[in-house]
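Quick heads-up: structures coming right below.
Below are two complexes that have chain A in common, paired first with chain B and then with chain C.
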Partner chain A sequence: MDLGTLANALILGVSIASIWLVAALGLTVIYGTAGVINMAHGELIMLGAYSTYMLQVYLGVPYLICIPASFVIVALVGLLLERGLIRYLYNRPLDTLLATCGVSLVLMQSVRLIFGSDPKYISVPEIFSSNIALGSVSISTFRVIILAVTALLVFGLWFLFYKTRFGVQVRAVMQNKEMAASFGINAGRVYMLTFSLGAGLAGVAGSLFGVLAIVLPTMGASYVVQSFLMVVVGGGSLAGSVAASAATGEMQSVLASFTNATLARFIIFVLIVVFLRFRPQGLFAQGGVRR
Partner chain B sequence: MDFTRRKLLKTTLAASAAFSAPHLWLPASKEAWGATVKKGEPIKVGLLFSLTGALAVPEEDSTLVLQYAFDEINKNGGINGVPVEPVIVDAKSDFNVYTEKAKELIIRDKVIALFGCYTSASRKAILPTVMQRNHLLYYPTCYEGAECTQNAICTGPLANQHSKDLIPFMVKNFGKKVFFVGSNYVWPKESNKNAKIWLEEAGGELLGEEYVPLGSSEFGPVFNKIRDTQPDFIFSTVVGASDIAFHKQFKQEGFKVDKMPIASLTTGEIETRAMGPEFGAGHFLSAPYFQSLDNPTNHKFVEGFLSSKYGKNGVTHYNMEETYLSAYVFKYGFEKAVAAVGVENVTPRIIRDHSGGVRVEDNVSPEGLVWIDEDNFNTWLKPKIGQCQGDGTFKVLKASEGQVQPLPFSIYPDSGTCTKDGLKAPDGKIRTNVI
Partner chain C sequence: MGNIYHDKKLQWLAYAVFFAAIGIVPLFVGDAFLLNQLATYGIYAMLALSISLCWGFGGILNLGQGISFGLGAYGMAMTMQMQTQTDSNPIPPFMLNNSLEHLPWFWEPFSSTAGGLIFAVAVPTFFCAVFGSIMFRARVSGVFFTIMTLAMLSAFYTIILDQQAYTGGANGLTPPASLQIGSFEIDPYSATAYWIVFALLCVATVLAKLLTQSSFGLVTQAIRDDAERVRFLGYNVAGYETAIYTISGMIAAIAGCCWVMLVQYVSPAQLDVSLSLSMVIWAAIGGRNSLLWAMIGAFLIQGGQSYLGDQFLSTWLLLLGGFFIVVVRFLPNGLASLAEAGLGWLSARLPSKSGRAIESVTAEEGA
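For the complex of A and B:
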């Protein structure tokens, strides 16, 4: 293997990491803050892709505007979900798991009823369907877009959680809900907004994945497992998910270059199991009370 | 009544013994139990496809096109004057459900034949049930072969027919160097074994062979390898959603379709529409059928189907056409069986035994004349090579000169050859029901 190949593999690793991370961001926020095991995460991603499709086909909105618009639409869906269902289940993790699993089926079947089960198509500007090449190094433009969006979202989340008043409140609720509430923080509102934020982030991921892969009612299922992996390995914190995605993304890319995609995935899963055996709390475990 | 623990145990044991040994209370018969056609009742057939779940995209179309075909048959007088009544079930993309529903259709609904499955995995899941009941499965799509049962009829191309023309065509027009990419399961691997034989005959060179997990949408590492090795063309057996991601990322990674096209066994009209024609244009597909085939039968089929209540998805493709043919293969086989033994005595196995040599002529078959092999009950057909155009339809560039013989064991000569009664090993022994 020569240097150009390795460089390509490493760059692709960054891109794969950004894809895995953007899929996991919403779940990180929801699980990390509210402790909700959101099995409907994949379907929120799917809704993001369908929002983009709808905006494009019925309203003719340009693709780049569709990305933030999908955030808003899916965040609203998340808001409804939280107010209507999740908020009654905060102290019952197993019930949440079952309820969100049910929600995922309901969302999937509703989309199938409305749009049919045939794959949909999102069109993007021609410039995104090409690549950037520097010598022997090459990467597709759309992967750069995903990387940029992911970086922007991570920075935005960091800013929100660590530099704003709302962020202080969220972290306080995360560490100890009752204590935070006794200081006058409206914990219910914090949960509602973070759940909605997490859903919106899944929506952004959906509008990106719809272009990279395919728009189908069942598309969410393929992302939800790897999202959970990132969150569990990372320990539920933002930094943890970033580190976990970076490590697994690079491993996936480099191992796949040396061997093949199937074996790479196998090795990564084995490593994750071994890792969790010795560090079940994940890379960067959070302090505070686990609900 | 006083139920002691011992009494309860005895009763339960006896009951479970009775249920687990069905031969105690079912009529012991070599023929499929109960599956005959009664006078004055419609001919019941089972449609066993997934209407929900990951396999719904291709299989929903299969259900729709079979309903269309049986409507058409019924409108023209049914089979020997008796209408066909399809019983539709949903296998939910779950292999356990396939088996369960197959049993239900055979035992409860007493259908005379099953039409079903898209993936090899689901076919292998239900075949034991079908064989145990000596029933009949119409498997209406391409598969890898290497099976020899006495209870299945296949109307799609086998691996030995599928890439026979495509590989020499690509080597001649684009160059000797090829890279194989496939989904990681049995059909792509077996198809690639065949493709390697054709590649060797054509003097080509295999630069690499990659398999990605089913459903995976990450082709970055594969394209890095392709970029390193610089093949003249790519031979693809990637299926389903992955296939769409594969074609999209081909263009997004900066590959040019005129320099290094993808020659696929799977990327048909439905896939090119889902990925957007600009990602599909210029690539090649080998299939027995394209929507754009220019013959009166196909025009009638496309117009008739798309304007019917089943044509809501707006497209016809190779898998649907092969499924459509299976309805007519059933009709003709049934009629032959009735002529031979009389309608009262027709069983699934008798239909199968009379289906060898059944021909679906030009005026019925949209892909042109096909017939069922008399030994292995697969289909003699003409694979064609099409190139995807800017509007997502295919332009047919080459059709095989004659119908190609289906050979399910062509790459396993040591296993023997598939005959009517079973797999005949080189030492003359015959094994039945080989899957």
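For the complex of A and C:
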């Protein structure tokens, strides 16, 4: 393998990492703060893609405005979900997992009933479908857009969690819910807002992935497992997910250039199992007590 | 008197009635296709049993049971495929289509029927033992273990789908003839096939039930309730968890073998997340803490899907998802807890009768 191929693989790896990261961001927020295992995450991504599709087709909204709009729509769905179901299950993690599995089934079937099983397409401005040449490497503009959006979201989340009053409250609840509550923080409200935020982030991911691939009711299923792996390997923190996505994205890309994408994915999954054998708490373990 | 739901003798009686009821089915069903379909329900029951054993009695929620099921099914399909290959034609046709010259090494053991059947069950069981011991010794438990099983399932799914030359890819394997043991051919549409599934289900259930009542079963139930406390008492928690996970996987592997025997077909769909999730849904709705109710859950849901769902499959799945959420939210032990409450109410209403029964027993002992 010569240097040029390796450079290609590394640059493509950054793009893959950004895709894996943007899929996992919402889950990181939800799992990291509330410890909720949200198996419906993939379907929230799918809802994001469908809301973008609907906004485009029925209202003619330009694509770039669809992205934040999907955030709002899916965040509202998340809000309903949290108020109607999740909040009763916070102290039963296995049951949250099961209930959200049920939710994912319901969401997938509802979308299938409404829109049918045939694929939908999201159109993007002409300029996004071109390619950018970086030396010897050519990469599609849209992948650069995904990278930019991901970077923006990570920065936004960092700012929200570490620089605002709300962020301090979230971190306090994360470390010790009872103690935070006795200092007058409304823990229920914090959980509600973070769940909704996580769902919204899934919506953004959906509106991006809808362009990258086709929009199908079943599209979410493929993202949920890899997102969970990113969160588990990272240990549930924002920095952890960024590091885990970067590492696995690069590995995926380099391994894929030796073999093929599917085999690379298999090897990575096995490596993650081995990794967790030695570091079950993930890359960056969180200090707080989770309840 | 306590709740008669917890009476061990009556529980065995209930199992006997249950198996008697499903055992006499071939005497009434003449339609071969219906009998074949009913036999596949026996396989669903076996899978629900394995989930209930692992999850209800071991506290290990396994969303990757499709690995054991699928590997067992592939093993059986490979065995049946090799039975139809002759010396002049030693390689399955799909391999020739993918321009393979020789039989891959991992297909070799499946050339003999006995070896194939052993490997079909041994390989998934061995996988469970290795994967389980890696995970449980690292004290990966609860939801993390569930996610890791899901990841492994997804890994196996992709690799089987990808390696078309060796596994048949998305088309899967379709052995052209039914299973032959010695000179005896097992017609999947015959009562014989039904009896084989029935007998295996029966044996698996009895062994599983005995296991849950043994001291081993008591320790796994204690681990389910509080693993840390059991560890402090000096038990090797990882060993117990690995054992129950492996036993459960073996039952699923046997179910996989039976599945291919009945339908003569296997594809990566058997390793799809949705099937593994269905198994958990059966056990959850029926009642994961009861082997019997988990199996009833499988019958109810798969039966409902076949008889109500063919035309309204999407609506049915929507209802099923909704029902599942309701059960998880309000009825964590499934329909079994309704039966438990009902029988508890009944036992409370009949104190005199049970009391008299005890009196008569003591009287006999006195006499």
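Simple rule for what comes next: the second predicted complex is superposed on the first by the 289 of 291 C-alpha atoms of A that agree within 3 Å, B and C clash if a C-alpha of one lies under 4 Å from a C-alpha of the other, contacts with A are read in each partner's own complex, and residues count from 1 in each chain.
Here, a residue touches a chain if its C-beta (ideal position, glycine included) is under 8 Å from a C-beta of that chain, and two chains touch if they have at least 3 such contacts.
Source: prediction; values computed, not measured.
With chain A as the common reference, chain B cannot sit beside chain C without a clash.
Of the two partner chains placed around the shared chain by superposition, neither chain B nor chain C is touched by A:K177.
When the shared chain is aligned, chain C comes close enough to touch A:L98, but chain B does not. Contacts of A:Q109 after superposition on the shared chain: both chain B and chain C are touched. When the shared chain is aligned, chain B and chain C each come close enough to touch A:R265. In the superposed pair of complexes, A:H41 makes contact with neither chain B nor chain C. Within chain A, the residues touching chain B in one complex and chain C in the other are 109, 112, 221, 260, 262, 265. Across the complex, chain A is touched by residues 51-54, 56-57, 60, 184, 210-213, 215-218, 220-222, 224-225, 227-228, 241, 244-245, 248-249, 251-254, 270, 273-276, 278-279, 312-313 of chain B.
Here chain A touches chain C in the complex through residues 37, 85, 88-89, 92-95, 97-99, 101-106, 109-110, 112-113, 221, 225, 228-229, 232, 260, 262-263, 265-266, 269-270, 272-274, 276-278, 280, going by the rule given at the top. Chain A makes touch with chain B in their complex at residues 4-5, 8-9, 12, 15-16, 19, 109, 112, 116-121, 123, 128-131, 133, 138, 140-143, 209, 211-214, 216, 218-219, 221-222, 252-253, 256-257, 260-262, 264-265. Those residues of chain C that touch chain A in the complex are listed here as 61, 131, 134-135, 137-140, 142-144, 146-148, 150-152, 154-155, 158-159, 161-162, 273, 277, 280-281, 284, 314-315, 317-318, 320-322, 324-325, 328-329, 332.
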